[in-house]
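Two complexes are shown next, each including chain A; its partner changes from chain B in the first to chain C in the second.
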Partner chain A sequence: MNFLSAVAVLKTATIVPELIVILTLVVVLIVDLVSGRSNRSLPTLTNLGLTAALGAIVWQWLHPQTSTLAFLGTFDSDRLSLVFRGIIAFSALLTSLISERYLLQAGVALGEYLVILLTATVGGMFLAGANEMVTIFVSLETLSIASYLLSGYTKRDPRSNEAALKYLLIGASSSAIFLYGMSLLYGLSAGETNLLRIAAAIRHPELAVVLAMVFIVAGIAFKLSAVPFHQWTPDVYEGSPTPVVAFLSVGSKAAGFALAVRFLVTVFHTIEPEWHYVFVILTILSMVLGNVVAIAQTSMKRMLAYSSIGQAGFVMLAMIVDTEAGYASMIFYLLVYLFMNMGAFACVILFALRTGTDQISAYSGLYQKDPLLTLCLSICLLSLGGIPPLAGFFGKLYIFWAGWQAGAYGLVILGLVMSVVSIYYYIRVVKQMVVKEPQEMSEAVMRYPQISWVEPGMRPLQVAMVSTLVITSIAGIAANPLFGIVNDAVTGSRFLQASVSPPVIVQSLP
Partner chain B sequence: MELAYTYAWLIPVLPLVAALILGLGLISFGKFTSQQKKLAALLTLTATGAGIVLSVALLVSQLQGHEPYLWTFEWARAGDFHLTMGIVIDHLTAMMLVVVTTIAFLVQIYSDGYMAHDPGYVRFFAYLSLFSSSMLGLVISPNIVQIYIFWELVGMCSYLLIGFWYDRPAAAHACQKAFVTNRVGDFGLLLGMLGLYWLTGSFEFEAIGEGLQQALENGTIGVGLATLFGILVFMGPAAKSAQFPLHVWLPDAMEGPTPISALIHAATMVAAGVFLVARMFPVFEHLPGAMNTIAWTGAFTAFLGASIAITQNDIKKGLAYSTVSQLGYMMMGMGVGAYGAGLFHLMTHAYFKAMLFLNSGSVIHGMEEVVGHDPAVAQDMRVMGGLRKYMPITAATFLIGTLAICGIPPLAGFWSKDEILDAAFQANPALWLVGWLTAGITAFYMFRMYFMTFEGEFRGTDHHLVEMVKRENGSSKKEGHGHHSHKPHESPWTMTLPLVTLAIPSIFIGLVGTPFGNYFEAFIHAPGEAVEAVTGFKMLPPKELQEFAVMAGSSVGIALVGITIAILTFALKKIDPDKVAKTIEPLYQLSKNKWYFDEIYDFLFVQGSRRLSRQVLEVDARIVDGVVNLTGLITLITGEGLKYFESGRAQFYALVVFIGVLGLVVFTATS
Partner chain C sequence: MQVSLDAFLVIGAALFCIGIYGLVTSRNAVRVLMSIELMLNAVNLNFLAFSNYLDSATIKGQVFSVFVITVAAAEAAVGLAIVLSIYRSRDTVDMEEFNLLRW
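For the complex of A and B:
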């Protein structure tokens, strides 16, 4: 078999986006090596590469293939995986935009950082389409190991070191559990690794299958930072460089959700009540603990860490509804979450760059010194809290509506109560920022430097901030294109079609 | 001409872009932007000017018999529920577009002069653009939902502009009053809108009308229920067009800058109520009960407004009550089914009332030179007088406006008012009588205003009088600074040019709707109504001519009576107004105190709701807060407590992971 026919048989065209990212990675590595430390074109290269990858994803979306399975069934490039790969690539792009200035100010090298970030992106993107256990594990570990490295990237900062070590240790434990679950499946299905074949082989629900399911859910829940597998989150988020946290809270989580949907729906449809049950517990715990503990936080990054646990709870709620509307609302929420959370982190980074702190109390009176930052952060936080007419409101509304339609009344009511709790801590920050009295202004804000965007790396940060601000503001009101995308993603993915029952026609919000 | 339709969406979008540029500029580079006065004015004027060009093109095309143009897109969709947004260009829209854009354009020119020294100049233009955009969006709306959205937007702009000088307590109160009063009406509108949707399953005007007609014929819904929804819908227009009992906000709205009073609170936004009734005409025409309500509300409001306007001393308040009264005429016309007449009066009134308000602004501008920047004095007609000598252009145009509103032929107001009265007479002579009497009062108070302001001796230098007026109006401003001269001056050309320009339509626009050749009604008539084309001016058949002569003669007659009394009282001083006031003291006080509406509402609603709120507050403070605080306390305690599970020890974390897995296994396996 020569090379070209192998390309054709394996349908290599399906992974063009990933190939572009890998190419970018190599180019960045080589350019960094050849041109030395002072090269300023690396972020631009990365951004171009990621944009090209996004373009390839869009192209694939517009030209759907009849058969989406590639690489002998190990990789599925259906619409669901395309959306998730898009989310991951987009989050990497935004992360790269908001990183440059941060890293320059922290005085660390850019080249390796971008290479590791791109590696994590490749891992996440493969994970979103992986349909076979070995591929899943390799992509998951690619993503994880790259994440450990990223969180320890500012190596002179002891907190960053601590974060990386903790992340590594807990990650290793959960990987072990995940691997154990997969080994059980391998045995139960008499030596199959392909998810579809495993599903065909384990028709009889037995205790061992449930056990495997719990182990696998535990492994995935670590990526989603669902309670009680969340404990690493606050420590890692607090210690890691902030752009990395932004990536972990969006890109890495999206990859986790893609994996969860594909794995659970494909393999465990025979024990559907059980995996629903496990996820109900995780959802309740995440929503309650994430939102309640966030109230008591004094550091912005920790607050956002807990808030991301709570947000993951809402997304899981959409997932366990297990209807077309549920999955559609889940993807919709992840799409808007991508922008509002990235926007919030971009603002936190900018504030930290200008004042050197991320204590919530330091934000007092920011409105008088930097209205743009205040506006952007307020919009993103209010959207996360679900205040109409911002994008987050429509996302939550869609989730709760889907849940209500499917009869998950208790969960929806709990979700509503918890979103009210979440509004409390989000609005607290907004209130701090817009206080009128000058004497209430914090020390950090009083010493606020003159606003300037000319330093290297500031422009990308500004671009990221303003674009997320605009999208967060209008994505809810003009949501019909997004609804079209998420509905196509759900109706265009075969494995979801096979599982969800009965089909509910959902076009958009009530 | 097709090009104009293709770009029709630009008409509301251009002012919006201007507003956005100015607004964003003010947010990001406040100091810099607020100094760019000329640029801001230029931007706004360009946007509106382009709107005029497009609107006129559309009007011409519609006049030549172009099909109505409809362009929609789907905004939201759920199952079989579709919500579309878009643009409709038909005869009514084309007329409204021209009226709104031209008046907005002139008012913007005028504002450049009027607001020249105001520090909020750029902010004013940003709001003005935003308003123009919302108002234009309202008139091109193809369905009631889109109208509602823009309805609220114009309401918001009105709020912002009334409260433009937010550091004046009176303005701050007035804008809240306007907002709250409009909320009452809008709540009714929303309920009625949803009710009609529930009955007919549509938000399109024609479709609601047809659905309603069918349902009424089939007997699936009662007439009573449908009428109730109709009246609920009418609450929206009643509030926006300042109809009784929701008229109270409009006079207070005069706290805003005068150009705003002219544009929003005389010509365009307050006419939106009439416009909505016209749009909803296919619905209302099936509901005689609702039509009667509209007609009588209009008639009563017309009389109410006029009766209060007699005794007002504030020139802007007087004009405001006059607006209330004239809007009443329009509503009355709508209510008796005179669709074309009501809208005709809307158009003529828009031009001459905008001019009158701009006149009053010019007068105030001149008075401020003498008595200082104190609205309590500068707007009071008792300290004016004799201004014709100092401000000839303003006086001449004011006189034109006065004659127009009094209904003196051949000025604009005569034709439109006469048409309404004619229709009212055919529907119900009692309505006509109210309207006819009101016409007489209108003539009286308008000429009272003219004489007090422009004729006689100038009284602004009389310190005793000024002090007295100050005391009476409760002004605390100290005299001494701000006035440099002893006589008022004519306003700059940017202010007089719009006045002169507006005088032209005030005189001539009525000629498009004479009974001898009613081009207006041939162009704008109720959907479904058959109107023969007009080929040119022709004599009426003798019988109709006689009828017209009687109707017109009687209304001109009563107007002349009103004018005569005004001349006798205020020009020749043959009648002493104080003595007359003494003899009919209760009536005088009733009018002077605006029929005590503010006091009654204050007692009923404000105090009532305060009492209620205090009681609710008790419940809230004791019981609800207790529960909430308890929840908060529990949440905080759990939050603080759970925090300590975050010990930072990695071994412990790993332990929790394994315990979690174990727990899940146990739970799942045993469940």
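For the complex of A and C:
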């Protein structure tokens, strides 16, 4: 078989976005190697490459294929995976924009950082479409190992070291547990690794399938940082470089949700009540613990860590109602979460760059010195809390509406109560910044430097901040295009359609 | 003598449990890495046993365990690099000493 026919049989065109990211990665690596440390074009190259990858994703979206399975069934490029790959690539693009100045100020090399970030992106993008266990494992580990390296990137900082070590040890053991579950599935299906074939082979709900499900869910819940698999999250978020935290909280989490939906819905449809039951427990614990513990935090990064645990709880709520509206609201929420969370982290980075601290108390009186930063952080935090008319409000509304329609009354009421709790701690930060009298200003704000955007790497940060601010403000009001995208993603995905309308599943199985 | 599939699975499960035990009790970071390695080897044993008894035609399980070994090597390399850099800054690899961040 010659090269061109192999390309045609494998349908290599489906992974063009990933290929572009890999090409960018190699180019960045080589340019960094050849031109030496003084080269300033590396972030620009990275941004161009990621933009091109996003363009390829949009092109694929506009030209849908009749059969989406590629690489002999190991990779599924349906619309669901396209949306998730878009979210991951976009979060990498925003991360690269907000990290340049941070890395320059921290005095570490840019080249390797961008290469590792792109590696993590490739891993996450492949994970979003992986439909076979070996592919899932390898792409999951590509994402994870790159994330460990990123979280330990400022290697002279003992806190960053410690975060990386904790992340690695917990991450590696959870992926071993995940693998053990996969080995059980391999045996139960009598030697299949493709998710669709495993689903066809395990028709009878036995105890061993439930056991495998528990192992798999434990592995996935670590990636989602769902309570009680969340202990690593606050430590890693506090110790790691802030741009890395931004990527972990959006890109890595989106990849985890893509994996969760595809794996659980495809393979475990015979024991759906059982895995839903496990996920209901995870959802309740995440929403309650994430939001309640966030109140007590004094570090902004740690507060955002707990808030991201709570936010993951809301997204899991949307996932387990298992209706078309549920999945659509989940993707919609992840889309708006991408912008509001990235915006919040961009502001936290900017504040830390100008004052050198992450403490919440240091934000008091910021409005007097830096109105733009205050506006942007306030909008993003209020949107995370779900205040109308910002994007986060519509995301939450859609989730709760979908849950109510599906009859999950208890979960929706708990979710509403916990949103109120979350509004409390988000508003507390906003109040610190806005309503404090000038004499109550914190020392960090008193010594606030003259605002300037001319230092190298400041412009990208400003672009990221302002664009996320604009999108967070208007995405809720002008949400119709987004609704169209998420509905297409759900209706254009075969395995989700099979799940939400059970009669079809019997006919579609081979 | 024919060994049954169950024997391999029992050994795999035992190895996995030993790995988890080591993970929970070890104080030395390198020992924790070794325990994780044990868990991955338990997984490999499972895959090889299943592939031999149930899937001897296409041996996907053996291919899978090659991937697991490769990735485990990469993970161990990254893990040891991080342990090395933390040893340089803190002069210890004792897990109980790593308390800059609230555990």
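Here is the rule we go by: the second predicted complex is superposed on the first by the 500 of 510 C-alpha atoms of A that agree within 3 Å, B and C clash if a C-alpha of one lies under 4 Å from a C-alpha of the other, contacts with A are read in each partner's own complex, and residues count from 1 in each chain.
Here, a residue touches a chain if its C-beta (ideal position, glycine included) is under 8 Å from a C-beta of that chain, and two chains touch if they have at least 3 such contacts.
Nothing here was measured: the structure is a model prediction, and the numbers come from that model.
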Contacts of A:A109 with chain B and chain C, given as first, second, both or neither: neither
Which of chain B and chain C A:V421 touches, first, second, both or neither: first
Which superposed partner A:L33 touches (first chain B, second chain C, both, neither): neither
Which of chain B and chain C A:V210 touches, first, second, both or neither: first
Partner chain in contact with A:P234 - chain B first, chain C second, else both or neither: both
Touching partner for A:A218 - first (chain B), second (chain C), both, neither: first
Partner chain(s) touched by A:V9 [first = chain B, second = chain C, both, neither]: neither
Chain B versus chain C as contact partner of A:I413, first or second or both or neither: neither
Partner chain in contact with A:Y277 - chain B first, chain C second, else both or neither: first
Doubly contacted chain A residues - partners chain C and chain B: 165-166, 169, 173, 177, 231, 234-235
Complex contacts: residues of chain A adjacent to chain B: 165-166, 169-170, 173-174, 177, 207, 210-211, 213-215, 217-218, 222, 228-229, 231-232, 234-235, 274, 277-278, 281, 289, 292-296, 371-372, 375, 421, 479-480, 505, 507-510
Residue numbers on chain B that touch chain A, as the complex places them: 27-28, 74-79, 81, 635-636, 638-640, 642-643, 645-646, 648, 650, 652-654, 656-661, 663-665, 667-669, 671
For the chain A and chain C complex, residues of the former touching the latter: 133-134, 137-138, 141, 145, 148-149, 152, 155-156, 158-159, 161-166, 168-169, 172-173, 176-177, 179-180, 182-184, 186-187, 190-193, 231, 234-235, 238-239
Complex interface listing, chain C residues touching chain A: 9, 12, 16, 19-20, 23, 29, 32-33, 35-36, 39-40, 42-43, 46-47, 49-51, 54-55, 58, 60-61, 63-64, 67-68, 71, 74-75, 78-79, 82-83, 85-86, 89-90, 98, 100-103
